[in-house]
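The structures come next, written out as structure tokens.
First chain A sits with chain B, and in the next complex the same chain sits with chain C.
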Partner chain A sequence: MAKPLPGRVVNQIRLLRFMANEMTQAELGERIGMTRQTVAAIEAGKYSPTLEAAFRIAQVFGKPLDEVFQWEG
Partner chain B sequence: MPFKEKIAWISVVTTAIVWGGYFTFAFRTMMTGGVPHPSIYMAAFTAALILQALLAAAATIVVAILAPKDANAPADERDREVARRSYAIAYPVLISLIVCVTVTVYFGATPWDLVNGMMAAIVIADIVHYGAQIVGYRRGA
Partner chain C sequence: MAYREKTAWLTLACMIVAYVIYFSLVLSGQVGPRLLDIVWTFGIVVSIQAIVVIIGHIVLAVRGGAEGRARPDERDRAIARRGGSAGYYVLLVGTIMVGVVMPFSDPAPKIVNTALLAIVLAETVRHVLIVTSYRRGWHG
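Take a look at the complex of A and B:
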């Protein structure tokens, strides 16, 4: 099997929370059905959410998915 | 720290302390070549089970009181992923250790050795299971 191309998922969640009247991680977590710690892990790039969760996050901020998550190769 | 990671820490620490004590007793008995009376073995085994349950329950209650919101939160996708991975790591460990313990029958292991060996396999697999959860949460998932 070929080795996958290097890269990682980055996100703009911190910026988007700031723009959404400093929405807390706990508030975002409540709205997408996740714990505050999981939101923190996603925000820090330590955990990549499922596609469904990623869409939910984008929906909360009213942004398309690619404005919230990007692939950094 | 996620509530479930705290529970994993509690489980690792209480398991290591209680069953570490139990196996120290069992190992010393084995080294002296003695086989304790079944009632002594049962008493030590039951005491270890009860002590661990009490310690884990008490620690969990304290942690839940300190962070009630986290304690009541349902498991999310990361919790489920961490749990799935930790079972996937611990299960082969348990099976391998049980096979190893079973093989000792052909090398003259006594029923007392087998019982302790099986119990040690379960305890080690449990520690691996919770340890994998901790590592999973530390790494992110």
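Take a look at the complex of A and C:
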């Protein structure tokens, strides 16, 4: 099997929270069914959410998925 | 620190203290060779550990408020799966040792204590991986 290309998932959640009247991590977590710590871990790039959770986050901000999460190669 | 990370730390700490005491007693010869001696000593240690862990969980849940009552989310579940998977392999090796290898070469008390040690090691590895995953991040 070929070696996967190097890279990582980055996100704009902090910026989007700021633009959404400084929505707190706890508020976002409540709306997507996650703890504040998990939202913090996603924001810091310490945890890559499932596709379903990623879509939920994008839905909260009313943005398409690729405006919230990007692949940085 | 996440509520579930705190409970993992608590369980790990209590387990290390409890079983260091138990296996120190075994190695120093203060636990007799009969099954009843082993079960009695182990039972006391496990009971005290369980009481401390249960009280600790209650305290953490009360102090954690809504988070303490919340169900684990996908990250909590992914981290728990990772820990369980690693612990399983440790337990598998221990089971082979006590069930396949040791019956042909070692006395019963040693087999019993090695089985208990395998369980303790598997649980320790599980909890170490859980706290490590919470600390360093998890990209399952």
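Observations on the model:
The working rule: the second predicted complex is superposed on the first by the 73 of 73 C-alpha atoms of A that agree within 3 Å, B and C clash if a C-alpha of one lies under 4 Å from a C-alpha of the other, contacts with A are read in each partner's own complex, and residues count from 1 in each chain.
FYI, a contact is a pair of C-beta atoms (placed from the backbone, for glycine too) under 8 Å apart; a residue touches a chain by one contact, two chains touch by 3 or more.
Model, not experiment: these values are computed from the prediction.
Once chain A is used to superpose the two complexes, chain B occupies space that clashes with chain C.
When the shared chain is aligned, chain B and chain C each come close enough to touch A:Tyr47. By the document's definition of touching, neither partner reaches A:Phe55: not chain B, not chain C. Once the two complexes are overlaid on the shared chain, A:Met34 sits against chain B and chain C alike. Shared interface residues of chain A, touching chain B in one complex and chain C in the other, are 33-38, 41, 44-50, 53. Every residue of chain A that touches chain C in the complex is listed here, in rising order: 33-38, 41, 44-50, 53. Residue ranges on chain C touching chain A, taken from their complex, read 1-3, 5, 67, 70, 73-76, 136-140. For chain B in complex with chain A, the residues that touch the partner chain are 1-3, 70, 73-74, 76-79, 137, 139-141. Within the complex, the chain A residues that touch chain B are 33-38, 41, 44-50, 53.
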